[in-house]
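Quick one: the structure is below, and I'll ask about it shortly.
Just so it is clear, A, B, C, D and E label the chains in written order, and each chain counts residues from 1 on its own.
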Amino acid sequence: ERDYISIVGSSTVYPFSTVTAERFGRSTNFPTPKVESTGSGGGLKLFCSGVGSSTPDITNSSRQIKSSEIELCAKNGVIDVVELMIGYDGIVLANSVKAPRMDISLKELFLALGKMVPDAKNPNQLIENPYKTWNQINPAFPATAIEVLGPPPTSGTRDAFVELAMEGGCKQFPLIADMKKTDEKKFKAVCHGLREDGGFVEAGENDNLIVQKLAATPNAFGIFGFSFLEENQDKVQGSIVNGKEPTYDAISDGDYPVSRSMFVYAKKAHVGVIPGLQEFLLEMTSKRAMGEDGYMSEKGMITLSEDKRKDVEETARTLRVLKAK
Amino acid sequence: MNIIDNHKTRGAAFCDNPKLKARNVGVFYGEKQAIFDVSLDIGANEVIALIGPSGCGKSTFLRCLNRMNDTIDICNVTGEILLDGDNIYDPKVDVVPLRARVGMVFQKPNPFPKSIYDNIAYGPRIHGLATSRVELDEIVEKSLQRAGLWNEVKDRLHAPGTGLSGGQQQRLCIARTIAVDPEVILMDEPCSALDPIATAKIEELIDELRENYTIAIVTHSMQQAARVSQRTAYFHLGQLIEVNPTDQVFTTPDHELTEAYITGRFG
Amino acid sequence: MNIIDNHKTRGAAFCDNPKLKARNVGVFYGEKQAIFDVSLDIGANEVIALIGPSGCGKSTFLRCLNRMNDTIDICNVTGEILLDGDNIYDPKVDVVPLRARVGMVFQKPNPFPKSIYDNIAYGPRIHGLATSRVELDEIVEKSLQRAGLWNEVKDRLHAPGTGLSGGQQQRLCIARTIAVDPEVILMDEPCSALDPIATAKIEELIDELRENYTIAIVTHSMQQAARVSQRTAYFHLGQLIEVNPTDQVFTTPDHELTEAYITGRFG
Amino acid sequence: MNYSSLIIAVLILLAGAYLLGRNRARQISASGNRLHSLPTHYGALMALWTGLPPLLLLLLWSLLEGPVTRQLLIAQLPDAIQTGTSTQISLALSKVYNLAAGAELAAAPELQRAVQHLQDLQQRTRLLQTGMVLALALIGVALTWRRIRADLRARSEVEALVRRLLFASSGIAVLTTFGILASVLYESWQFFGKVNIFEFMFGTSWSPQISLRADQSGSSGSFGAVPLFAGTLLISLIAMLIAVPVGLMSAIYLSEYAAPSVRQFAKPALEILAGIPTVVYGFFAALTVAPLVRDMGAGLGLDVSSESALAAGLVMGIMIIPFVSSLSDDVINAVPQSLRDGSYGLGATRSETVKKVVLPAALPGIVGAIMLAVSRAIGETMIVAMAAGLAANLTANPFDSVTTVTVQIVTLLVGDQEFDSPKTLAAFALGLMLFLTTLVLNFVALKVVKKYREQYD
Amino acid sequence: MTDSSLTTRQKVERSMQYRRGRELRFRAYGLASVLFGLLCLLMVFGDILSKGLTAFQQTVLSTEIYLDQDYLGISRKSDDQELFNADYEGLIKSQFRERLGVENRGERRQMNALLSAGAGWQLRDVIADNPELLGSTITVAVLLDDEVDQWFKHYRHAGQTGKLSERQLQWLQQWQGDGRLSTQFNRLFFTNGDSREPELAGIRGAITGTFLTLLVTLLLSFPIGVAAAIYLEEFAPKNKLTEFVEININNLAAVPSIIFGLLGLSIFIGVFGVTRSTPLVGGLVLTLMTLPTIIISGRAAIKSVPPSIREAAYGLGASKMQVVFHHVLPLALPGMLTGTIIGMAQALGETAPLLMIGMVAFVVDIPGFINDPSTVLPVQIFLWADSPERAFMERTSGAIIVLLGFLITMNTLAVILRRRLERRW
């Protein structure tokens, strides 16, 4: 039987979850929690598979829990779930510092990466993406081929990018914006479809690898999490999107358009069963961890405002559970 | 020199005091039949020589007698072979004690890739014939001596058996077989690689063994057959043509095929 | 019957028209010396018989003559062996054409796990001796016929060579060797597994081959040596004791060891 | 005693039983009886009967102990919980376990009874277990001891037992197959409920991206597996083009040409290639080889993407070299020297001997090695994911980026999707289909190899 | 000139012209192949060594610390709990603050960032061992942050600054001038478990986990694999069923390793209730993955034992079992060991199947036995390679070096064994 906390879930949240786990283990008498990196979906599946010590106590997620997952949880007896939002993750477009910095709008980004885009000559018609080089989209851009390395369709980062950046750009076209009202399904298909002719390269989930590939290929761009940009300032630079540079403050204020929230879900029922569970949640939501100068932010997480953090801490203290939607 | 279909073996294929009895034995390699309806008795304390042209089925027949043919997938045996009255092809028979009772020296010497000592000691070990190391040493020495190999190898008993000369390997295999003290010994050209002196030594051994054991020997040397055997069986194209006392076979053979073979040799 | 240290070979070890000349050849298996200072000529168009007790080094010596000993890691050869005047142990010599010129039949038959046809065709194919399929078929048939195997295998040329009887395998190996038409043929007990008729056939072959080739044959049969060879060399414990014309060796041997061996046989 | 010390105890007993049986047999034989088998067989028989039942019991115990204690504990829980839902029970049990292990948790006093009971129970089961295991071992000793007589067919019995053990071992492989099927069938079934099976098998477009957002249940997206299988084929082919020639030639060189000292060093050195973690190869492929390939391609005037099948295939080929080289080296080495001698004696060169005699004789083993290497190539993920990208292009151009079935399985499985999304389920369906495909391929391969087997000696 | 006019010798000589070339080329291909393989090995090794050796060095600052009992709030030196809970990090930072004359909040943050998060724990461990030091001033080698470590070891020489600010550089240069900055052997790398701070991260947990996992794998897969190979090759009746089993095993070799993870998850964890993330379940899964390799190579090795040896033994009255165990198995063992070496090497490098059974995890505590949560070296490597911190890069390579060391040790043992068993016949 298990006497340590078991955490599963998102690889995006993993770096922040682990730093908390480690500090918690070192500064208390509880064993150090075990943190698995299974992906948000995999984590929620495990999390919702039941209660008791053979199931995880906590799952990390780089997106909010879905209603189907809440149903699954409920079906398996996981009823009281505590949801804690712990911070934001910025998704950046970046290229090598050896190349000029890009200043791009979401609309242009959609034109560069969409699978189907409005025809420039006949704006009422969608065509297969015809743009091969950046300057075909905007003469101010370099005359290099469009090559963007990004996450695969199964990844949460990809979903977030598609939802925030692509959809944000695509609905600025009247043709597509109309579609939203008439044919929601088609609208999504258009906005969420990334080109598959080589302009967008699905490059696996190892962001370090993308960074290194960018450094070796100055013409290519990459899409990845903010912490990797921060850590590799000497190699890559974040592109300016909609006039905003991806900086800590811009993301934290919500100015930078492409960022998402990260969540932690815990089982209320396990509090009092697994030693140290609530203490861990409190540690995680404490100022020391989640605050502006906290150790999670040192690891590159973009923190909540102090008010919001207090709310979250309060949730952790009272173990307020998620209401079924 | 054509073979007669439905041939009946001439001479005295049966004897009074048989140790081994073969009845209507046929052997097939896949589709191909190599032995046709052979019936033959091998008497206790007798040496029987199997002769015949190369490829006539001597080895095949010999290998039936201790079920060595079981190891060849495509080989099929029909008919009955009785050892002391029990059919050795009975499905209930355990081949292991059978082969311990009916030992075999193969046509091609096949020493184990082990030391000379271990080659000889292997049989006694698996049959538990020696209770102590000393006893085992004795068995090894005695067997090697009887096979006339002791002097040549006594100071390299722990060298690999595969590093011996052809004739030495052959004697090693003979020594290995007699070390397990079988009741019947099947020898497939045991002296083919031996010089006259070593051959004489083995023939002596055969003579000596005959007192207690039964021996079937395949040989191409008429002289050898004449020297060591009491009866001789002549095979031809898978058929047993004639079985008779050895001197009779070499002087007044019953069958023209036998005669042709014998005289072909001497003529 | 003790061996003399620093023994000098008795008789006529050298001849006028040597095809192969061995000079002071010594062979070591690791530490152990198997051949001591042997010097011997083998004349062109001559059959020389090598005789001697089992383990005396006949095979070892024979294998030196086409450098087959190279394949044994621990084996070391000293001295010189000249083929048509060229030292075959010269580092510059390519063993491949050498072995094509000096063919070998091994003591233990070792057919390739291929069809009978491919076994024979192997040599001619690699040496490019046949330009067409027809020619190759001819070579195969002729070789098998000369080795006296054709009749037995002609309707199963594509059956595996390993499925032959012991004597058939031996003849297959002889056929395989003569198929490449070597100048010198080394035969290590080529008839050991053969019946008298097949033996006669091979002896005939040897006689026929002698007209164009040089042959060295190891045999344990004095009669065979007497029948096929012109000269006979007697080996004992790794030393070459005596070399003389065959009839002289068998009637009036020079050396008491030779005599003992010969008479031990006949006596 | 805990499991490990119990196992050790049983092993000691087993050794003791062996000696006991052997000596007993010796005594019998010393007193003039002819034994049916060797004394060691009697020893082995005793050892087997002494060791096997307790070890089996231990295995069973370890499987059943959990559920049984659970049931016993539930009876001790407060009524309110016992009548509650299964989740309540399981929570209470977890809590009891942690309390019993000494965790500092606030616990209701009603639970204390269960905790106490658990502690007792644990003590008692340990005792019972130790007792039963040792007793079983001793019973084995006693029963076999009584059976040891001169005419006991010990060897046959031991051999029958060993044969059964051997059989059971090969049964594990079959069970694994069923295990795999069991773990993918259900989800595959679900998947085929959402995606047409024919579209999956014959569709030429793989793009699990557009159709399946959020809580949408249907699927219009493209789940055509053909590009994945084509990609697998392409990359495996490239890998094999490296691994087979290099591996086979290395094996030949090492066993036929190289000095023994070289072989002794080089063979294990090459074997290390198989053990380098695939992440390392992945980085190597993506950061060293891929740019090299791209630059080379550019030099030739070709349009090469920075993720290419070629780069991944090359590196994968390097990784599986030892599968071919080492295993082939072993079988080549096992070809009897007499065959080589036969060939050399006819004046064949080494290479001719190798090509025409040694390799044919070693063929079954070599084919086995190659099949193993192919299998490994098909199953490899990391290198492809890092160096060949994830784009499912249907192409035969090695300079294009492609993806493989395995890579897709992994990315789909560890992805962010909810459990019942076709994206996740597709992984299972892919696994199933790959399994069946390789099954068919293996079947064909076996038939082919059977035809060409050469028996030597 | 027609062919038939040539003598055999001439024909041979003529054929030799191209055969010699072919022979030389063949041999050259062989040599080239071996060299190619070794070269690849060297390249990978060289690459890793050059990147990873620096991981075994760690930058420290030697400095005096006054162990202020009041600041730490420790009343009794014997109270373990008090000793444990005291704010050592704060103590160190406050003393640095004084010494460096740090005033505003910005500078304070910059100064704090120079120190490792582990500096406080380091001090805590020192005092836990020697509580009597409290109240005195001691000189300690304080762990520095990974950024500083990287700067001191690498950037400095290239004139780069990394993420360090002007102010931070000033301090560092000052310390460097005083000779207080130095690198020392990175002991923590070998004694610590995983950590999110590169300077604290170690591989002891992963090594222990690997050892335990592979132990389980070896103990199960070798005997079972050999036994299965023997059964299939020697005992199984040659019928459709055996053929089915044979195909099955060959097929298992092609099953992607992650599927074995799925199997482990649903059967071992789901049905048999084995605990997640433990060497036990990892070993079981890797066993299933390794088995086909061992069985296939084992069967090939058994097949290559010449029939004449079996015949000889049968002829002496050996039972089938004796023939197999006395003759066939010893001769086939080298081949079986090769399969085991390769299979184990593969198991040692594998991450994908472990993902499903929870071994791709952050585990700080060192596992003690096969049912403690643990991770393994390749997973550790995989996780570190995915970390944003630059300092994890060299540690990744460092861990790879250790893994290769582990692999080489493991192989060497097996290779020595194999060499003793090998013979030609």
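Just so it is clear, a contact is a pair of C-beta atoms (placed from the backbone, for glycine too) under 8 Å apart; a residue touches a chain by one contact, two chains touch by 3 or more.
Nothing here was measured: the structure is a model prediction, and the numbers come from that model.
Shared contact partners of subunit A and subunit C are D, E. Chain centre most remote from that of subunit B: A (centre = mean of CA atoms).
Relative to the centroid of every protein C-alpha atom shown, the closest chain centre, again from C-alpha atoms, is found for D.
Between the interfaces B-E and D-E, more contacting C-beta pairs are found at D-E. As a whole-number value, the distance joining the C-alpha centres of subunit C and subunit D reads 54 Å. Chain centres here are Cα means. That of subunit A falls 31 Å from that of subunit E. Separating the centre of subunit A from that of subunit D, both taken as means of CA atoms, is a distance of 35 Å. The distance from the centre of subunit A to the centre of subunit B, with each centre set as the mean of the Cα atoms, comes to 83 Å. The residues of subunit A that reach two or more other chains are 2, 11, 38, 205-206, listed in rising order. Among all residues of subunit C, those that touch two or more other chains are 96-97, 100-101, 108, 126-127, 180, 182.
Residue positions of subunit D touching 2 or more other chains: 155, 283, 336-337, 347, 349, 352, 413-414, 455-457. Looking at which chains touch one another, you get A-D, A-E, B-C, B-D, B-E, C-D, C-E, D-E. Per the touch definition, subunit A reaches subunit D in the complex via residues 1-3, 10-11, 38-42, 44-45, 48, 50-53, 62-63, 66-69, 72, 76-79, 115, 147, 152-159, 185, 188-189, 192-194, 196, 198, 201-206, 209, 212-213, 216-217, 220, 269-270, 272-275. On subunit A, the positions that touch subunit E within their shared complex are 2, 4, 6, 8, 11, 14-15, 17-19, 21-23, 25-27, 29, 31-32, 34-38, 54, 205-208, 225, 227-228, 230-234, 293, 295, 298-300. Chain contact summary for the complex, subunit C toward subunit E: residues 94, 96-97, 100-101, 126-129, 131, 180-183. Interface residues of subunit E, counted against subunit C in their complex, comprise 3, 8-9, 11-16, 19-20, 23. Within the complex formed with subunit B, the residues of subunit E that make contact are 238, 307-319, 322, 326-327, 331, 423, 425.
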